[in-house]
Structure formats: structure tokens, C-alpha cells
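Accompanying notes for the structure given below.
Naming follows writing order (A, B, C, D, E and F), and every chain is counted from residue 1.
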Amino acid sequence: MTTSPLLDAYRLTEEPKWHPTGEEVAQFTAAYSVRLPVMLKGPTGCGKTRFVEHMASRLDRPLVTVSCHEDMTASDLVGRYLLGPDGTIWQDGPLTLAVRHGGICYLDEIVEARQDTTVIIHALTDDRRILPLEKKGELVRAHPDFQLVISYNPGYQSVLKDLKESTKQRFCALDFDYPVAEIETSIVASEADIPTSTAAVLVKIGEKSRNLRGQGLSEGASTRMLIHTGRLMQQGLTLPEACRLAMITPITDDPDMRAALEAAVDACS
Amino acid sequence: MTTSPLLDAYRLTEEPKWHPTGEEVAQFTAAYSVRLPVMLKGPTGCGKTRFVEHMASRLDRPLVTVSCHEDMTASDLVGRYLLGPDGTIWQDGPLTLAVRHGGICYLDEIVEARQDTTVIIHALTDDRRILPLEKKGELVRAHPDFQLVISYNPGYQSVLKDLKESTKQRFCALDFDYPVAEIETSIVASEADIPTSTAAVLVKIGEKSRNLRGQGLSEGASTRMLIHTGRLMQQGLTLPEACRLAMITPITDDPDMRAALEAAVDACS
Amino acid sequence: MTTSPLLDAYRLTEEPKWHPTGEEVAQFTAAYSVRLPVMLKGPTGCGKTRFVEHMASRLDRPLVTVSCHEDMTASDLVGRYLLGPDGTIWQDGPLTLAVRHGGICYLDEIVEARQDTTVIIHALTDDRRILPLEKKGELVRAHPDFQLVISYNPGYQSVLKDLKESTKQRFCALDFDYPVAEIETSIVASEADIPTSTAAVLVKIGEKSRNLRGQGLSEGASTRMLIHTGRLMQQGLTLPEACRLAMITPITDDPDMRAALEAAVDACS
Amino acid sequence: MTTSPLLDAYRLTEEPKWHPTGEEVAQFTAAYSVRLPVMLKGPTGCGKTRFVEHMASRLDRPLVTVSCHEDMTASDLVGRYLLGPDGTIWQDGPLTLAVRHGGICYLDEIVEARQDTTVIIHALTDDRRILPLEKKGELVRAHPDFQLVISYNPGYQSVLKDLKESTKQRFCALDFDYPVAEIETSIVASEADIPTSTAAVLVKIGEKSRNLRGQGLSEGASTRMLIHTGRLMQQGLTLPEACRLAMITPITDDPDMRAALEAAVDACS
Amino acid sequence: MTTSPLLDAYRLTEEPKWHPTGEEVAQFTAAYSVRLPVMLKGPTGCGKTRFVEHMASRLDRPLVTVSCHEDMTASDLVGRYLLGPDGTIWQDGPLTLAVRHGGICYLDEIVEARQDTTVIIHALTDDRRILPLEKKGELVRAHPDFQLVISYNPGYQSVLKDLKESTKQRFCALDFDYPVAEIETSIVASEADIPTSTAAVLVKIGEKSRNLRGQGLSEGASTRMLIHTGRLMQQGLTLPEACRLAMITPITDDPDMRAALEAAVDACS
Amino acid sequence: MTTSPLLDAYRLTEEPKWHPTGEEVAQFTAAYSVRLPVMLKGPTGCGKTRFVEHMASRLDRPLVTVSCHEDMTASDLVGRYLLGPDGTIWQDGPLTLAVRHGGICYLDEIVEARQDTTVIIHALTDDRRILPLEKKGELVRAHPDFQLVISYNPGYQSVLKDLKESTKQRFCALDFDYPVAEIETSIVASEADIPTSTAAVLVKIGEKSRNLRGQGLSEGASTRMLIHTGRLMQQGLTLPEACRLAMITPITDDPDMRAALEAAVDACS
């Protein structure tokens, strides 16, 4: 496939590794074939962003990623007028770029954004596949290769901040979770460049921290944190030192929780 | 009928199919004949947008659709000044375009918008049929073919966010709901390009999910979701796999609700 | 009387009919003679806007109508600077137009607007009759023919959103309500172009709906809705069908209220 | 005294009549002699604005009146940059005009304004007598003739919206109230151009309405309303008709209060 | 010492008198010697502003005073871009002026300002002594003579509106209160140009009013109010008349408080 | 290492002294080697800013420090368009400067900033190491030497204002606290240029004040305040006088707390 050079900066230069844990690759491919919008559900740091990068690379599409936040407006996605030497000129936003030139647009944690952001995608996610640029008075018909992907962390949503039913129903959805121990060990070993045996110890510690969820910790250590710990050990820090730096101190200040996590480290080392 | 070329982009290129479920086509036609504003009431994904597209096509009018949201202001509808090489120039918004050149303007989920948006339509929806562009100091008299249509989801309204009585009384209203099984089956079969027998199974599952409304689900699967499921089956996914992807995972994370929906799928497949 | 051509667009092209229900025409005329600001009080759709249009036409004055809303600011009324080829230029808002050139300015539902809007009229409504354009540094002395009219719906006001005493005391006030049956029948018959007998039936139904106010309906059917119903019958809809479309479905979704209104229709037809 | 021609528009063309009710003229004059800022306290429509106009005329000073409101900002008082053909140019606001060229600036109901408005006057109301134009980087030293006057309605203030102690202490204050019957009668007779006997009746009705304060009325009829009533009688309305229009309907919708007020009218006519 | 001519307008033309009540002059001088930021604490109108003016004059430094308020932003202090004939130009705000050219910057009632205003001073008040102009991308290193002074009224602070601990800890602090009777008498006599005996009476009345604090008065009469009263007496008003105008009416509307204050005046005159 | 001259202003001219209290220097160096983002945790004034300055100097990197506050937006960090003679030009914000040219960016008290500020750093703190300039449509890939450091005061965080889990998990973290007595004494002695014996007395007083935390003081005297006190003594103030000025008056107005602190001073002097 070919795409406009405007999206070249958004092409991934190397295919990010992905360790499949089920049928997610085939299912995403099926959804892409019929251009069904996809919602990725799962906790922090379990690999949703990595997966969409992997799929974009595999499907040979540029990937436009937008981290949503509560001050984001529709204009940040769609575009705005700027003042040039001959008056105002229009500049496409990241979503419009992807819609117009056929990229995959990934809206990370879309519920964080303001309502206007979620409504803007309605006409894109039904049979019309159009993006109305109301400020410009233009209707952009989506490029045949365009697809929309969003992420959603079920543990975070509250009554006040949730997707509207009429938005949810426009997507098909894939569940994600931390990988099983064997796979996580091989991910940590290869990403942090440490021996498998060391990685296995870190994964065991990570699992123990996840068991503390709901007992004082709002989340356990993610796969990402295990990789960080491994990398610090590569720089010569000891296991307890690296765990404290990259896995314990960042997530809790509660003395009891810290003691429990330190004990878990001691038990494994 | 003829219209200004400015609305050409808003002409539907092909007439969207509509499966009538009552007298709605005749009633909308009567309201259009006397240019009475119309309010379409009903749940998410039951076909309100599709119906207004069908009627616009049938009446040979361009259709300007605006998805309303809580950050939308009157200027987004009416227009604004932009800075050009010779100073500010006025640009008509989507509503003004339709008013001036004789299109149908469809304001989807208007209660989501800010108050100024609903008040702006008052002078358009009584005998005056004018749109005051206060920022421009212009009174636009509506083109004889102009009509206003809005949608309204009764299940969503709260005391804080509802149309004012003085707005409601300016509209006549049509009720919408999901189609009866036979009609829905034929819609799903034709839209997803799957055998009628498969479509009938999907419709049965959809009905079961709608029965769970109020018991833990805020809404059941819409007709749109059934079509999505069918399309994924067309790509080779199995019925349970496609149902999980397009019908179950998107709408609930509750383990009990998920089990109930999976059971409904098993019972039908 | 003559007025500036700038107000020509605001002249009514034909005098709107008015069916007097008391001394309101003489009283408004007296108030206009001494240029006393007038407040029109009454429920939605009972004819306040129509009355002020009738009086403006009768007094041969242009009428500048502004529908107020909660996002309206003083600048929307008074005017603002726009950027032209030689820098900023001032553009009069609708109120300033009327003040400067001698029109009647009608601020519909002024309590909806922000406080700055109501304060801006203070110097206009006492002996000074001036409008300070603070942003422009200009004091506009009102044209001798200028008059201010506002509307006010007592049923809507809350403690949080009401006119300040110091504002109310600047106006004289006229009460409005739905017309008596005989007059309302003749209005509906003439406006909807239907036989008097049919109009009488609609008025009876309207009265029944108004009796349900406070028992589950926040307002009954207005005169405007009765006219809408008549017009749909003119297009061939049956009485129950037209009533459902234009009188019942728009104002309630409560099954009991709908049944009560349908029964009222059946009893009258 | 002479003043800059920039303030000419703010000179009163004729001296407004003032009926003294105490030593207020001498006291205001003493305060002006030492340029002490003055606060006028009292209920709506009792003549505070008229008094400051009278004094400005008597002291031969231009008067810049600003009606404060909750959306007013410091820039509205002090001035702002506008875009001209050669870039931004500074435009003095009404307060700066008076400070620079020696007028009396009257800030009506200053507590309505935002906090920045009240703080801006601090350096003007102590020994420094300077107005810092922070946006312009200029310190304006007040013209020797400049004086600041503010009004304050004690009945309106709440805990949330009151002058700060550090602001109050910068002013001396004069109390105002409705004039005694004899004086009020002569004011109403002369302003409305009606016989003294009729004016006396209106004043009696006004007093009865003021006695209802706190019993269901938030304020009684002001002197201004009595004058309005008289003017309508001059146009041929009867006493009860004029009272209803200009004194009763504007201030209450409560049937009991209306009956009490109508009874007061009947008893006096 | 010499300073940039840009600060000339901020030089005090005559040294304001100061009646020391303790070691405050020596202590401020010590703090200035090591350029320690100073916080002046105390009630309204007790002389904090006067003291900082005196010290600036004594230390021969220009004084840039800014009255803070809740709508003040960091840009109001630091500076902003303005549009000139050749595009945007930067204009230093009052704080930047003092930092760059070596003045004393006095932020009066800084807690009133928004948070960004207090954070902007952090890098100025530790060893770095820099002011980052983030909008301009410039780091201004403070002139060796620059010093920061803020005022703080402990009686006003609430939990919601207080300086952050990390701000407080950057300052040394001096307490202020009303001067003792003898000193206050001499201040009032010299400032109002009245005999010492009269000033002594006013000081006695002022002390009585301060004793009513907490019993219905939020603050008693400040030294400033006593001076105002004296000045009005200089214009020929009697003691009770002047006290009512400048000391009683401004601070309370409560009849009991007013009676208590009038009694205090009677007892002293 | 070499860096762009654009960051020259951000190079530290002399290496700030640092008294190590553990392995923090080695641990920070390890984190920097793998470019892991670092979070510094600890109370006000305990040396976090000093530590990051020391490390930047030691690693020979420019340091861009940003004090975050609740009005800070993503644009303040990332950059914005300014209007130049030929239309808008882009200006990099402090974060973009560091990302593009390889500095260390230190975001002080990042939780104070608005959500969009924390989300902007997500793509910078995982394997992508990119900064999307959404307004400019540019993806900035981080310079190999770039590193991100943030500070975090656990005592301040509330439920409403805390880092999101998905942000915390991207950092490794170092704990900071006030140094032990011996080290703190040597810091105070050298920074304030006073004898060690005097410094030891100040440290003892500081420790007593920290013991009052939670008993009426929200924080005790920081190391910074002890240095301030020492500097004032260098200017000739007595120990009690200097303590009152720089350690007691700034942090409390409570008479009991003040008495307790004065007693602590007396006991030590």
C-alpha cells in the first residue's frame, strides 16, 4: 500500500515485537478488513500501545497516536486556523491527517478528553465514515485505509467520566491483561537484556505486587516496571536496590505497603 | 428542486435504504410540507440518523448533519469571522448554510449542546423563520425549502440537561425504537451480506441482550452492533468469537453480565 | 416617522394579527408615549412575541428582537471590535442599533442572559436614556423613538436566576396568558386555515392538557401547538395522528401522561 | 475649573434637581475638598445616582458613571490595547479617563464587579492617588480634581459578595433612604408633571407598599416607580390601571401580595 | 546607587515619614543586606505599605508596588507579548522590571492572586535568584539590588486561600500592628494637620472601636480612618459628624454596632 | 559532551555543592545511563532542587527547570505560535528545548499542573521517547542525552490532585528527607558562613520545630530556613531575633505555637 508523504513521519521504522497471548492478531486483522473501529481494553502498562504499534507495522500503515487528556478539545484533534502572511490558513490536526491520508489513528485513553472529542468521531465510526470540519466548512470522507483505534482502562472509569453508550456501540473490543508468567519472563529478559533466570525472579515479584492490588495498592507493578528494574540491574545495581528504585518507591509511600513489597523482594532473591 | 452549489457536498450520493415500521414516512412528509420542525425520539443505534438521511434523499434535499456536544457553542452552528488577507471575513456555519440555501439541518442529540445553541433556533422555528446572525448584524430569512430536524434520546435526559419547554413546543415529534424481529433480520442480512438464517440468530441474541437492560446493562445490543457481528463472521470469525468482539466486550466489563451474554450466544448457536 | 435605513431589515413587512384580550394595546401605547420600558409577563407560547410584533407594526417602528441565553454577553448586545484591512473597526450590536436609530428592542427571556446584559440596560431605562459603550469609550444618547421591551416567564424563575429588584423597578409590566376559548378558536382556525368546528375541538383538547399541568406535565399545549396540529390535519393526517405528532409526543415520554392525553383526544373527537 | 475636552461628553448639560434631606450636600463638598473617596449607601431607586449627578454639576466636574456587573473586569475600567493599522494602540477605560483628566468617577454597585475591579482602586484611594496601568507599564498620577464615588446597597450584600474591609476603610460614607412624604410628593409632582394632590396619593400608596417589605415583598415601590405611575396617568390611564402597570405587576407575581397592593390602591383612591 | 531610567517613575519623590515601633527598620535593613525576601504581616491600614515605601526611600531604591487580586495571572506580573507594527514585541511586567533593573518589588496581599503568581517567585527567592520568562524563553538573572517584599494579613487567610508552606519558608517575616496611642496620636495630628489634643480624642475613639472587633465588627477603625476623620474636621465638620462620615458609616450597617460607636464618640467628645 | 548553543543559558556556571546522604548519586547516574525518567520524592526545602542541579552539573548537561502550577498548560511546556512580521512563528517551550537539544528537564511539583501537562510526557517516558507537538503537527524525537526529572511531595497529595498510576509507573523514584544533624550542621555553617558551633545550635532548634509537625505546625523549619537565620546573624542580629524573623514568624501565627518555638530557641541559646 502507498500513503501520502504527509504521514511518513508516522511510519514505524522497525516492527515492535509482540508476544501473542491469544487470537488478538487475527481478530484485529478481521476488524481492519471491514474497517470496524477497535477498542483496546485493559490495565496500565500491559502492552496496548505496543500492540497497536505492532499491528500498524504488520498492516503497513502509518500510526498517528494521540494521548488524550481532560483539557484536550476537538480542535486539538481536528485542526485549526493559524495566521500566515496572507491571513488565516488551515492546519489539519492529527486525526484529520490520518482520516485524509489513510493512517491508523490511535486515541489513547479517550475518556480523559472532553465530550466534544468523543462526539467528533461519531460520523467517522458509522457507515458514513466522514469527518465534518465544522470550523472549515468541509466534509472529509475517510481514506479507504483509515481506521480508528481507542484504548480504555475499565479500572479507571467512574460514573462521571465514561464513554457514552452511543459511542461504545460503534466499536468492537479486545481485552488485554498482563501476559502469563512464561511469556512475561521472555519479554522482560529480551527487553532489559538480562538472563532469563533473573527475569523470572522479577516476574515473580511483579505477580506478588499485583496480588496486593485492592489491599492498599491501586495497581501492581506493570510489565514496563519489571523491564525498568532489569535495566537498572544491567547498570550494576543490586536486585533489592533496583526493585526499590523502579518498582516500590514510585508506586507507594505507605510504610506497610513498602514493607510488604520489600519482603516480597527478599523472599524471591 | 434546485439548491445552491454550496450545499452540493451535503447531497447524499445514494438513497440509504429504509425499512418502514409504521406511518413515519408519510408523517415526516406532511410535516415537511408545512415546514414544521421535527424531533426524532428513540434509543441509540435504532436508525434515527438513517431515517433522516432516507427522507432527505427522498425529498431531494441536501442534508447538513451536526453532532452536538457540550462544548459546542452558537458560533459553531451559525458561523464566525475569520482573518483573511483583507481583514476579517464571515464564514457561515453549518446551520446558516442550510437556512440560507434550503437544506435540511439535522442537529443530532441537541440537548448535549450548550443553551445558546438551542435558543438560536427559536426564531427559526416559529412563523418568523429567521436566523439572526447577531455577530454579523444580519437577519437571514430561511430559504423556503429549509427544514430543521433534531434528535432526542429520552433515556438520557436528566433534570439538569433537558430541552426547555419553550423549545419542545416548537416541534412535532416521531417515536423510534428497534425494528421488529423480521424486519431487523432482513436489515442485518442485507447490510452485513450474510445468510438470513445467520442474521435471524444474531437478532435473537440481540433481543436477549435488550431484555437485560435495567438488570445491569444500560443498553442492549443495537441493530448496528448486530451488523458489525455479521461482518466479522464474513471475515471468517466464528459466531461466539464475533459476538464477543462486537457485541459483548464493548458494552460491559461486569463478569456476571458477560457470562449471561455468552450464555445467550451459546443458547442460540 | 422615519428611521435610519440601517434598521430597514428590522421593519415588519406585514402587520401580524393580534386578538386583544383586554386593554393591553392602549396600555402599551401609553407606555410608549412616555417611553417607559415595558416587561411582558406570561407562559411559553401565549403570544408575547406576537404582541410586540403587532405593536411595533402599529406604531410604525422597526423591531430588533434578541433571544437571550446564558452564554450571551454584553458584547453580543452592544457591539464589538472587528479586524478590518485598516485595523479594528467597531460594529454596533442589535441593542445599540435600536438605541441609535430609534427602533424598539425586544429582549426575549432576558433572565437567561448573564448579569452584565441586564446591567447594561440600567442607564437606558432611567431619565438618562444613555447606553455607555465602555469598550469604545462612547456614550450613545437614545434616539427619541427608542423603546425597550423585555419578556419574563414567572413560572421559570428560580432564586438563582431572577431579575434584580433594581432592574424590575425600571419597567412597567403587562400580564399575558392563553386567550379564552372563543378567541383561541378563532386564532387557531385562521392561522391553520381549518374550519372553526375543528379548531374548537383542538382548543378543547388544549384546555384538557393544560389542566394536567402540575400533575405530571410541566406545561400544557400552547396555542402554537394547536395551530401546528391543525396544519398537519390540513395535510391529510387524522385528528388523533396529528395530535400525537404535534401535541403529545413532543411534550411527554411518561406512559401515563401519554395515555391521559390520548384519552382526552378520543373524548373530543 | 477647566478640564480636558476628552471629558466633554461626560459634562452634564443641565443640573439635575436635588431635594436635600439633610446635610448631605455640605458633607459631600467637604469630602471633595480633601478628595476623600465617597461611598453612597441606600436602597434601589432612592436617588443615589441623581445625587452624584447633582453634585458633579454643582462642583462643575464631568461625571463618568460605570454600572458594575459580575462579568466586568479590571480592563473594562482601566483600558485595553486595540489593534490599529500600525499595531496595538492603548485606549483608556472610563476610570482612567476620569483619573487622568480630572473627572468624578462613579462606580455604581461596585460589589457586583469582580475582585480585580475593587483592588485596582486601592492605590487611587490612599495618599498615593495613583492608578497603575499594569498592562501598559504606566503609573497614572491622579489629576488634582479627580474624585472617586461608589454606591453600595446594604440590603443586597451577602457573605460571598461584599467589599473587603481593606476597601471599605478607604471611603467615607453617606446614608440615603426614600425622602419623607412631603418632599417625595413634591418630587413626584414635578417629575411626572401631575397635581400635588395626585402625587400625595401616589406617595401614600408607595409607603404602604414599603410596609410590606419583608412580609413577601423584597422591596417596596421606589420613588422612581411613583413617577412612572404619574406619567402613565398623564397619558390618560386611571389611577388603579396606572398603579397596576407601573407599581404592582413589575415587582410581584404572588396573588396575595398583588391583592394587598390592589387593596392599598383602592383605599387611597 | 544607580538604577536604569526605566525605573525612574517608580522612585519615591519624597521620603514617607515612618514612626518606628520597634526594631523593624534595622531588621528590614539586615534582610535587605543579604537580599532575603521579606513578608510583612498585619491587619488592614496599620502601615505596611507606608513602611515599605519608607524603607525603599531610605535604601534609595525604586519601589514597584502591585496590588494582587484573584484575577491576576502570572502574565500580569511577568510580562506579555503585544502586537506591534512588525509583529509581536515583548513587554516586561512590573515584577520583571524590578528584577531586571534592581528595584524593590512589593506584592501587596499576594494570597489574593492565583497560584501561578506565587509559584513564579520560587526561583527568585532561593539561591538561584532567577525569573524564568517561560513565554519568552528567557532566564532573567536578578539585578544585585533587587529584593522581593510581600504583605500578608493573617486575619484574612482561610484553608482554601493561603500561601503554600513551600512559599512561606522562603521569606523572613515582620509583624505589624496599630501603633501605641502616643505614636498614633502624633501620626494622626501631623497627617491630618489638626491639634494633638483633637488627634488624641480620635485615637481614643479608634481604640474603642477596635475593642468591638469580634463582637459584631470585623475590624475596628484603622489609623487611616482616624486621619480621614481629622481631615474632614479641618473642613469644618463637627467631631460627631466627621466620625459618622469617615469612621462609622463605612464599616457597619448594624444598628446596634452603630449605636455603640456613636456612644463611644459621645463619651470622648 | 556537546549541546546546542540554544541551551547555553541553562548550563550551570558552578557546580552546586551536594552532601550525599546515601547512594543517591550512583542511583541517579545509573538511571541516567539508561535514560530512565526519575522522580524525586520528599518534603519542602530538603534539597531536591539542589540535588538535580548537582547531578546536571556532574553529568555536564544543561538543566531546564520549570516550577509547575495549577494554571500551567501544555502550551507553557511545549511551545506556542507567536505572531511575527510574516505571520505566526513557532517558539519551543522549555520542555521542547530540552527534548530537542539534549538537556535535563526538571518539572518541579508536577502534580500542581493541569492534567494535560502530565499526559504530554507519556510518549517521552516510554520506549518511543517522542514529544508530539500536536499544534505544530511535528513529532520531536528526543535527543539521546535528554532526560526527564520530576519532583513530588508525598505530604501534599490529595485524592483529587495526584499523579495517575499510568504516569507514576513510568518513573523510577528516589526518597529525600532532611539530612542527619551532623551533615545539616556542616551545610548550614558553610552556606551561611557562620561557625560550626552556631550552626549546630540552629540545627537543634530546627529539629525541635520538626517535632511539632502535626501538633499545630504543618511543617517544621527547613534546612533553607536555618541558613536564612544564620545569614541574618552574620548581619548582626541576635540568635533569638534572627530565629523570630526567619524561622518563627513566617510559618505560624498561632500564639501557642509561637510560644513553643520561642521556648525552643531559649532552651538552645
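The rule is short, and it goes like this: contacts are C-beta pairs under 8 Å (C-beta built on N, C-alpha and C of every residue); 3 or more make two chains touch, one makes a residue touch a chain.
Remember, predicted model here, so these are calculated numbers, not experimental data.
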item	value
Chains contacting each of subunit A and subunit F, listed by label	none
Shared interface partners, meaning chains that touch subunit A and subunit C	B
Longest centre-to-centre distance from subunit A, chain (CA-based)	D
Cα superposition angle of subunit C on its copy subunit D, in degrees to the nearest 5	60
Homomeric contact subunit A-subunit B: same or different residue positions, threshold half	different
From subunit F, the most remote chain by mean C-alpha position	C
Geometric centre distance via CA averages, subunit F-subunit C, whole Å	61
Length of the line joining the C-alpha centres of subunit D and subunit F, rounded to whole Å	53
Chain centre separation in whole Å, for subunit E relative to subunit D (CA means)	30
Touching two or more other chains - residue numbers and ranges from subunit B	83, 86
Chain-level touch network, classified as line, ring, star, complete or other	ring
Ring of chains, enumerated from subunit B in the sense that reaches subunit C first	B, C, D, E, F, A
Partner subunit D, residues of subunit C touching it in the complex	23, 27, 30-31, 33-34, 36, 39, 41, 73-74, 81, 83, 86-88, 114-116, 118-120, 122-123, 126, 132, 134-135, 137-139, 154, 165-166, 168-175
Contact footprint of subunit B on subunit C as seen in their complex	9-10, 16, 44-45, 49, 65-72, 76, 80, 82-86, 91-94, 97, 108-109, 112, 153, 218-219, 221-222, 224-225, 228, 231-232, 234-237, 241, 245-246, 249-251, 253
